[in-house]
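This is the structure I want to talk about, given as structure tokens.
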Amino acid sequence: MQTKKSKQLKLFENLAKKSLREPEVQVKRPIRFRGGGFVIKPMPWVPPLVFTALIAFWEVGSRSGFISNLVLPAPSEAAQAFIDLAHSGLLIKHVKASLYRLVVGWTIGSLLGVTFGMLIGLFSIARASLFPLVSAIFPIPKIALLPLFVIWFGIGEGSKIATILFGSFFPVVIASYGGVQNVDRNLIRMGQSFNLSWFSIVRKIILPGALPAILSGFRISASIAIILLVAAEMIGAEYGIGAYVLTAGSLFATDQLIAGVAMLSILGLIVSWLIGKAEKALLRWRS
Amino acid sequence: MELHLNNIGHKYNNLDVLKEISFSIRQGEIACIIGPSGCGKSTLLRIMGGLETATCGDVYISGEIPSNTINPLTFVFQDFALLPWRSVEANISLVLEDHPIPTVQRKEIIDSVLARTKLSDFKKALPKQLSGGMKQRVAIARALAVNPAFMLLDEPLSALDSQTRELLMSDLIDLWQRENFTACYVTHNLNEAVRLGHKIIVLSRRPGTIRRIVEIPIPLEERHNHLAELEYSQQVLWNLMRDEALAADRELSNAD
Amino acid sequence: AQAAEKITVGALRFTSHSPSFIAKERGYFADQGIEVEFKFFQAAQPMAMAIASGDVDFGITAITGGLISLAEKGAVKVVGGALQEEPGVDGMLILASKKAFEEGLVSPANLKGRSYGVTTIGSSFHYTAHNIADKEGFARSDIKIRPMQKVGAMIAGIKSGQLDAISMVPHIAKALAASSQVFVIGEVVDYIPDYQVTTVFTSPTVIREKSELVKKFLVAFSRGAHDFNQTLVEKKASAEEQEAMIKLIHKYVYADRPFKKAAPAIRNGAMRINENASLNLKSIEDQLNWFKSENLVSKDITIETLVDTQFVEMSHH
Amino acid sequence: MQTKKSKQLKLFENLAKKSLREPEVQVKRPIRFRGGGFVIKPMPWVPPLVFTALIAFWEVGSRSGFISNLVLPAPSEAAQAFIDLAHSGLLIKHVKASLYRLVVGWTIGSLLGVTFGMLIGLFSIARASLFPLVSAIFPIPKIALLPLFVIWFGIGEGSKIATILFGSFFPVVIASYGGVQNVDRNLIRMGQSFNLSWFSIVRKIILPGALPAILSGFRISASIAIILLVAAEMIGAEYGIGAYVLTAGSLFATDQLIAGVAMLSILGLIVSWLIGKAEKALLRWRS
Amino acid sequence: MELHLNNIGHKYNNLDVLKEISFSIRQGEIACIIGPSGCGKSTLLRIMGGLETATCGDVYISGEIPSNTINPLTFVFQDFALLPWRSVEANISLVLEDHPIPTVQRKEIIDSVLARTKLSDFKKALPKQLSGGMKQRVAIARALAVNPAFMLLDEPLSALDSQTRELLMSDLIDLWQRENFTACYVTHNLNEAVRLGHKIIVLSRRPGTIRRIVEIPIPLEERHNHLAELEYSQQVLWNLMRDEALAADRELSNAD
């Protein structure tokens, strides 16, 4: 044993000779704080700055001709299109129609997604039977299925909500399943040792443990739901931001197109902000 | 409530962890298990608690299960196993919620066990805000809350300072006198073992087999009057452990 | 009087769908005892689907591979004609990018070896390209067809010089040519005379069960088409009348733009709609044969599967 | 203190009286195993069974007319279309073209996504400036931007790869960011206490800690990449599964459409299986 | 290498945890900190190691840092802080990889510290396959691997059985004699404190203040010959702690 120890000692001494450390002076030096970093501090003034800068750059670029006006109109033109839309009184109708589809479709899709993700994470038989189905159906483009949706759900709100529902369902399934897999097994064992009911363990241990992953999935699914507004409103939609964007696109009205896309962006920002709030409230327990 | 182990053996993959373990814990008896780190004590406890199935052998219980217990066979885990998203209070509440206890009474139970583990001030704290010892006390409080008939304790006092340990130890003795629960207590503190154990099971190094079972026939409540005998028992245990360690050392040097 | 019969009409927010809008606004449908509700679509494909599913009773769209396939499955049938190319009226124009133009693509005759943007395989744009090849006497495969899905992408492609040529509706084509990044090199009407671009269609169930309704619809639609042709295509009406009609159409088309911006687009986008919804059967047959020759639809489809000739006059120009 | 204890005692006794437990007999009873469940056992025979059953049901439904043939042809018809495609020799060209776009676009998009997700999770300034941008740009439908993509990336491979790249980028950013946030701060502190370099901490502690979430993000992004094949191959694509599906869709050739969609599904299954393998290999350490 | 604390105070949110802590640890000295659970010992250690900034007061080091150390100020954490995705070996390798040590020598260092903590058999094991005590030994092995000049140990032996603890304790004494490192050692085991500490700092209950600093002037290597004196010191400490606990109890009862 002793030989081993002295071997290590030698190693360190050799190392020391090689190292270039200078002999340090005998003064009091404060301990360097090394626990810093890796903590995200809020910087609430940055996002508005970034957006303002970007839009200003774009505007200047457009005006100077540096950004070709071919397909990307200046933000001011898009803003004008937006104002026109607001004046026409259609804005509220578009937004209302889209919000309704979004909220209903996303809520149902996400809740179903969490349910299925949990099932797949909890039951071997669900894992074996449903997960391959999810993997097989997720990559099917919704646009290819639109004709089917028309037949199954009609051309009313049904098919639109179904499109958004399907779109948000799958990412949430995968995120929730990943979250369940990541829950500390020791905590589950603890629950079992106290004879908690299966349902209690799921609700009080597994669900909260998977929550960070689920919320991350919600972020993704919300964005996808917004993206799918456009696909959803291809079918028989009179109003809706997606329909507005589509019409603008097919008429090559780029100013309207950008105005519509900006609305989708802002919707995305709002949803992301809301989920951020939810994270802050629900995940306070994280160190 | 009695517990019987019959020729228990356990393997993890190809690692032999336990071998030919047989003993019984009688009603109202506290059995302490001591043994070198990694010899399979926690594994054995999990097998006794039904959280793991032994590779071979059987575990039985017999005797009546007292009717005033919420969870007859209760664990205190070595790694605390607190839910990080629940406050101290809610972590204890967790194990009561599945039972038909009126809210007021549940609150009373929680307050009582928190007072006994000196955590009343930290009722609302989250686990991340607790020190190591405080977490351990929450784990103990949680186990006390269900008024167990049989306790499986895995180094329950290891992270505690000596006088908190003393207090909790005499608390356990008090509780035992009143409720006469049965317990299996894993510890690496020989003093704890001789203070609390009716029977001390000494395991060999991995694969854990029973090296000796030492019975201490002095009633728990009288032990403070028999310090010399306890000291002697502790010495016996210490020698057993030391032999084990020396044997292990010899093996290691040979392997070199 | 009998309670009005409720029907649903599928529409796109294009000027070419104006006859339906006019018929509704001016009460021509009501005169026939039918009450129309419009369902708006963003593409022709889902509209055809909605007819098949029974959600929509009538629709107006171009003859496409999809429509023919649906007809084959017994889901839709063409009952009348709508938009038609006609010499003398502004029709689809053939455009070349600046780059291609400068390289010598000054006439459709030079399209050999050039890329040509279409929306999808089997679309009217695709049909146009092949007709040019046939007429100019080179192999169809010598024109490199580039599917772009959307008119927007076609425009982006031609403007940025990534496509050599496209065909385009007149009001957009003219606007593009005005920027001198794109040049007009020909007219579609020279290659496909009397091209029956869009048709009125419905489902066989409607024909079977309510053939009276089809007739009534076509009558009202024709009145709308007549007004439209008179006012905006032949411009026989007074400026006020034109203005009034554009206002009427503006309720449906470019509704989200102020009238000032929308009016020129509507005015320039006006192309003739067949009087009496008559159908150029010859043109339909040509198109069907082209689809067959390109293997885009089944060879077994006959013109009878596609068209029900009992409702309107069949012209054979 | 004593009063409190006896109070609890009383509670338990009251509880006991209320409870309906029967006095138990004095025999040896084996300890009930309660540590079970919550473990996923592989059941490799189930997925083939499920798919076979589904397809059989569909075939029977189609033949019996129970499933309308209007939009959903029988699987045998789709199989025939597939065989025709294979015989025409175009199958390989389509698959090759799509695989190339998929692999290149997804790889770059996902790697960039992990990079940005880590940046956002590590730097307050990145969190404040990039994250809102991600939230704003993610919900923009790629299809609406196709004209822009034509200008920026041309109608060749550029725009196709860019579409897939963008589509896989965003979900991975969000998943990785979520993963970084979930890494145990105690481990980071440990790394700092040993004076590990910042880069070492990121590479050896944060990245592996975020890996479960990142892989979950890869699952999602891979499916989205496959979905976007269709969008990508909208513009000027001669070959590709997406182009095949699009043409089939516009011609309403439902048998070909289903054959194409099935190819996308199978692609999804393969990718999911590969990621499953990667999870098994890389996340062995999870309890 | 010496360490000086000057009037340290710390708060978590509004919870006063430490108050007016001043002491120095001289070169080659081992200072033990004892105190009731939750009194702020781990917090104090983190402040000393630069992992937390005290709300008020300063921490200084002085003296030469020996040149043969890889990481002068090294922690052994109370919760082990092992990377679950790295094997035992790789967990130790982690702290060496950032330094320009040839692979062969790195392997030698790892083998050496694993042998000293009796973990050679578990080189390739993942943390989930280890017992509590084994995890603690890995944490100690990792700290030993960097040949620290100043060690900050947070209850490093708490999860270990008595004889493994004995062995590691004498190993620490051996190491200290050879390397003469400086250390601050948090423990709740008074026996450990009197065996290892040149100076024992007794903290009061939260908010932790210094109640007493007990110096034990017997050289570490001779302590086994002075068991009576040690016993006496331990008794003194025990009385101090008990007083503290009683005071706390009284406070609690009053609050009731």
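Residue numbering begins at 1 within each chain, and the chains themselves are lettered A, B, C, D and E in the order written.
Rule of thumb we're sticking to: a residue touches a chain if its C-beta (ideal position, glycine included) is under 8 Å from a C-beta of that chain, and two chains touch if they have at least 3 such contacts.
Remember, predicted model here, so these are calculated numbers, not experimental data.
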- Listing by label each chain that touches subunit A and subunit C gives D
- Task: Determine which of the two chain pairs, C-D or D-E, is joined by the larger number of C-beta pairs in contact.
- Result: C-D
- Chain-centre distance (mean CA atoms) for subunit A and subunit B, in whole Å, is 45
- Item | Distance from the mean Cα position of subunit C to that of subunit B, given in whole angstrom | 83
- Query: Which subunit A residues touch at least two other chains?
  - Reply: 1, 34-35, 70-71, 147, 151, 186, 189, 192-193, 195, 246, 249, 252, 257, 286-287
- Item | subunit B, residues touching no fewer than two other chains | 49, 51, 73, 79, 115
- Which subunit C residues reach two or more other chains? 45, 49, 52-53, 150, 152, 155-156, 159-160
- Listing every touching pair of chains gives A-B, A-C, A-D, A-E, B-D, B-E, C-D, D-E
- Task: Please name which positions on subunit D make contact with subunit E in the complex.
- Result: 1, 186-187, 189-197, 200, 204-205, 208-209, 211, 283-287
- Within their complex, subunit A touches subunit E through residues 1, 4-5, 7-9, 11-16, 18-19, 21, 23-24, 26-35
- Message: If we count contacts the way the header does, which residues on subunit A are in touch with subunit C in the complex?
- Response: 70-71, 81, 84-85, 87-88, 90, 146-147, 150-151, 154-156, 233-238, 243-244, 246-247, 249-253, 256-257
- Please give the residue numbers of subunit B that touch subunit E in the complex, ascending. 12, 34-38, 40-42, 78-79, 115, 118, 120, 122, 129-134, 136-137, 154-155, 158-167, 188-190, 238, 241-242, 244-245, 248, 252, 255-256
- Within their complex, subunit E touches subunit D through residues 49, 51, 71, 73-75, 77, 79, 81, 83-86, 94-95, 97-98, 126-128, 142, 146, 253
